[in-house]
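Working notes, structure below.
Each chain gets a letter, A, B, C and D, in the order it is written, and its residues are counted from 1.
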Amino acid sequence: MIIDDIKQAVIEGDATEVKKLVALALEQQVPAEEILKNGMISGMGEVGRLFEEGEYFVPEMLIAARAMQGGLGILRPVLVEQDVKSAGKVVLGTVKGDLHDIGKNLVGMMLEGAGFQIVDLGTDVSPEKFIEAIREHQPDIVGMSALLTTTMPNMDKTIKAFNEAGVRQSVKVMVGGAPVTKKYAGEIGADGFAPDANQATAEAKKLLVG
Amino acid sequence: MNYSSLAIPRLSDFLFGVCPRPLTLKNGLVIGGGQVYPEINFTLDSMIITAESMPQVYEQYTQMITGVCDRAVELHAPGLVVEFELLPDLTLVPEWGAEVTKILRSTLDETEAKHGLKTGLRVTPNDIREFARPPLMRQGRYVEDMFRSFELCAEAGADMLAIESTGGKEIHDEAILNGDLPMSVFALGVLGSRDMAYLWERITEISRRCGVVPSGDSACGFANTAMVLAEQHFIPRVWAAVIRVLTVARSLVAFEHGAVGPNKDCAYEGPYIKAITGYPIALEGAEASVAHLSPIGNIAKAVPDLWSNESVQNVKLLGAMAPTVSVEQLIYATRLMNVASARGAKEAGMLRDWWVESDSHLDPQAYVLRPDVVLKISEEIIAEPTPYKRTRRSAFAALEVLRQANAAGELNLSKMENRWLERLSRAAEGLPEDEDEFIAGILPQVNRKKIALSEYGL
Amino acid sequence: MNYSSLAIPRLSDFLFGVCPRPLTLKNGLVIGGGQVYPEINFTLDSMIITAESMPQVYEQYTQMITGVCDRAVELHAPGLVVEFELLPDLTLVPEWGAEVTKILRSTLDETEAKHGLKTGLRVTPNDIREFARPPLMRQGRYVEDMFRSFELCAEAGADMLAIESTGGKEIHDEAILNGDLPMSVFALGVLGSRDMAYLWERITEISRRCGVVPSGDSACGFANTAMVLAEQHFIPRVWAAVIRVLTVARSLVAFEHGAVGPNKDCAYEGPYIKAITGYPIALEGAEASVAHLSPIGNIAKAVPDLWSNESVQNVKLLGAMAPTVSVEQLIYATRLMNVASARGAKEAGMLRDWWVESDSHLDPQAYVLRPDVVLKISEEIIAEPTPYKRTRRSAFAALEVLRQANAAGELNLSKMENRWLERLSRAAEGLPEDEDEFIAGILPQVNRKKIALSEYGL
Amino acid sequence: MIIDDIKQAVIEGDATEVKKLVALALEQQVPAEEILKNGMISGMGEVGRLFEEGEYFVPEMLIAARAMQGGLGILRPVLVEQDVKSAGKVVLGTVKGDLHDIGKNLVGMMLEGAGFQIVDLGTDVSPEKFIEAIREHQPDIVGMSALLTTTMPNMDKTIKAFNEAGVRQSVKVMVGGAPVTKKYAGEIGADGFAPDANQATAEAKKLLVG
């Protein structure tokens, strides 16, 4: 079946093939939502599994992710037309004073693979910039990353600023990064925490259900 | 100064605690002159750094240095080096970093006066140039503040200045994650090396002017990032091992522009630097797992002159505050080294070889730190004349060593790792000998949003 | 069983990782059969233990054991022992301790099944008899709950049972602070030894019944308390050194009543126990500074069969959670030992001697752990027939060794320490040979509010 | 002078001599307060100094403390008569669930040496027992010790119980023990903290001034 072929092409990271097959599938009237879920996201899910089992590294995942992006480029207009919802929208950023971003980027990549839409604000993101992004993008989740013991407290500050700006209720807040613990996340009133990128995806899904 | 032969050509002379060009601090502490000393590094536990919180910041550092010095005296340490790695905020406001330097200096001086413990203070401002995006490497207020931080810290009492500079890193992180060898070579052999030349001219100049030691740099932002990612199974271990060797030519540039050691603790390329330049190096391993886990905890002990914990935050452990615990661990580690070397070079060599043996078969990143491998590859590297050519040769040499070790069963690489060893070897073969040709070929792939090439004279 | 000759009479056979009576666990892991394995111990960070917080308690232990096992696999550890030291609350409610034991067991089993890592689980209920004041050693609900804790933990999956028992300690703390040698001898040679006989009969019986190993005890409540106090300059170091040796006869009683090792990590009297009984021992040093600072960080590595961190709480360090950091450190420490011993007994002996050399001249507490000193004093101890006589002889022997070492310049004792060496020597001379005479003489000085003598059959 | 002799006898830990001299001084109409402050407490102060400089160990201090106790036995009735105040009264105890007491005992000993009156509740002390002792002894300071990470939170509980029982305002609370930090002391609203017995005395004095 063409859906299975798309899935396989994503797994193999063959962007050209994915694009070709997605176009063909649309021609064949396969619903966009099915192409997305059972083809591409399912492919990325398999990639995630291979990664967890040590069969893939991040470079392989990135190639697969790019292949998926290629397909998405073709699919997106149709998705919007058919009003298919993404798994959710996540605004991501590393907090103020902190330039570490590899962990955050990996989290973003994994979330994207799981069908989330990502708005990446980069590093050294002030509370104001986060608030602006919430107002502009209306995300379901805000994800904050911090790698320094001296910037981690900015997570607390940022959440407090959300409260003051009156945007706290409109989003779930998820935090992570090397010095961050579940306990700390609880103390500052974050909704979610994950120790690594794989669990970040699971946590994000949980947040949107709960 | 351009290195073209090994300062330590023979394996039997390649040992911990000794080097051809030892360093003597003002108070007489000799680094690389026979003994290995602990180098302790500590940092703040979770807190915000602002003008208001500065009194607490100073109090924390006072507490940490006091705990550390007391314990070192108690355990009869023969010498002690303290590294103060400035956090970004303490560099962004250079006066704050200088004030902490003063606090550390005065406790060290008191300890030396009262108990005769010989100490040294290394101060490492943060490379804040990255706060501009894309980073501005040679202009603007971050550059100015960074150099002012060096000056103020030197005046405030540093014995040695260092940095963990990041030139080229803005595109290297992605190269790591993409498994992109040519891009890594570009970041290190071209961008990073050019930035090092620029930077170390200035650090050396400041150091001369202030009468302090321009010590060394670290490519940790490249290779330790890769190591941490390999530890989490994000990238192949062979790839992290290759990146380690790719950093050598870049870090050597500091020494070609005035650095005299000790090279930074977190620079695991240090053994190469020591073999080539003969200057002393700091290194870190098992006792640094407080800061990062690693597959090279013992082999890193093979040839250091200072032995470090990398960094630990000021949290309470059951036994004592973590910095105090850390210095105790370092003192015991160096005691063993110094007892063995007091018995003779043969004994020191045996201990070195046991450490090497204990890690080198288990991980390619450990394998490329074997002293014999270091000498072999170093020789190849300095046979080349320029940073680019040296970096390119590093790739060939490292891959060749790993292929041979794997074939000989000295390393047991998984199927996945093997696939990457081949893939990287193919990529290396594609590196042209001519630097201009290489640059011309790679520029189109460089993400211009992330980097201002003009900052590297390109 | 009464030991009357040394199981390891020759210094050249007195090494780490090997002993005459190694122990084989059900899964085939051999302790003392050639390799030294890490023994990791961890505990909760600040939290209250109640019925309501039990889910979090279980979650914490799950997190700790998972982090530890993952890292051990990652670093290719050849074997791993985990010690679970029950906190008082987990013994007071034996079901809670058993539940945690189950959690640990299942993760260890999974790790063994999936990755082939051979593991062992030692469980150490808390000696809660002290919760009654004065302590009730042989009756009452604390005694019952404590023994029930042993049973439930054995059923829940412990491979080995242990305890750090405290019989006699209720009067020993004061004896330490008073510098009172006869009272210390009474607490250890009379009270503690009698309690050990009572206790270990029962622990051995439970162990047999449940098919687990009765491993060993620790006099840490006596000698490590003294060590910690000496470290803070509260009591003289020579006094702490003497107390260490005074504990030997008491800890030996466990082995005379069924214990078969490995002796407990925190029992620095372990080398004596190993020399006398030939059973394997655990020990701890530099890597245990997370739990207590000590002057014996390297010399403790001379002859262990398991190498431990004592205990670390589950806090986040920069590198990883502290238990994960700790296991990494232990794995590197044991790698070195195992590489040296793989080369041969001569090499293992060299490494042992370097460790010994590195600490033994700096502190009398280290000096009495020298393997040669251990053999010498052990021989004297077992020449006597009863715990009291052995303890008395320990005092003579330890003091004699320290006086000689001091005279020979092998130890550099301060004036104050010297004064105490003399004072303790005089006190030792006053110890009568006859136990009844000794007891009769000391009873009037015993604080009856603190101790129920009838609980010791007196 | 006889006061100096008393001081010296305390330093040397000669209980018989101290008792004899104190009796003699009283006969000579030396004010009890002077005997106490310039003789005995000053002697213990010197003992403390010798200890800090490594010239004395705790055993020597204990002997001196016992000599001082001997003198106090004679002096106390007169002190009460003359209404001389002690440096302050301190109730000490190790918190519930915790049996470690050496550190607490040393703190008590040092405080006593500095002229404080000590009521030692022992170990495993519940909040209720602390409250009872406050009501009974009306101390200036309550000192709590904890050595276990799992009993340290009982300090927090105990302070909360003080609040509920309405006795919190009547005392200063001082905490210590291996896992306790200044930061933790601040978090639970204790008034004072000290990392060791010497500093505990200084802290206690500060609390009564401030």
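Convention: contacts are C-beta pairs under 8 Å (C-beta built on N, C-alpha and C of every residue); 3 or more make two chains touch, one makes a residue touch a chain.
None of the values given here were measured: they were computed from a predicted structure.
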{"item": "Touch-network distance, subunit A to subunit C, counted in steps", "value": "1"}
{"item": "Greatest separation from subunit B - chain, by CA centre", "value": "D"}
{"item": "Whole-Å separation of chain centres (CA-atom averages), subunit C against subunit D", "value": "34"}
{"item": "Cα-centroid distance, subunit A relative to subunit D, in whole angstrom", "value": "60"}
{"item": "Averaged-CA centre spacing for the pair subunit C and subunit B, given as whole angstrom", "value": "39"}
{"item": "Subunit B, residues touching no fewer than two other chains", "value": "43, 313, 318"}
{"item": "Touching two or more other chains - residues of subunit D", "value": "149, 179"}
{"item": "Chain contact graph, described as a line, ring, star, complete graph or other shape", "value": "other"}
{"item": "Pairs of chains, among all present, that meet the touch criterion", "value": "A-B, A-C, B-C, B-D, C-D"}
{"item": "For the subunit D and subunit B complex, residues of the former touching the latter", "value": "149, 178-179, 181"}
{"item": "Parts of subunit B lying in touch with subunit A, wherever the complex brings them together", "value": "43-49, 87-89, 130-131, 133, 173, 177-179, 225, 229, 232-236, 313, 414, 416, 420"}
{"item": "List of subunit C residues in touch with subunit B within their complex", "value": "43, 71, 74-76, 231, 285-293, 295, 297-298, 311-313, 315, 317-320, 322, 324-325, 328-329, 331-333, 335-336, 338-340, 343, 347, 350-351, 354-355, 357-359, 362"}
{"item": "Touching residues on subunit B, where the partner in the complex is subunit D", "value": "316, 318"}
{"item": "Residues of subunit A that touch subunit B when the two form their complex", "value": "51, 54-55, 57-59, 62, 97-99, 101-102, 105-106, 122-124, 148-150, 152-154, 157, 179, 184, 196"}
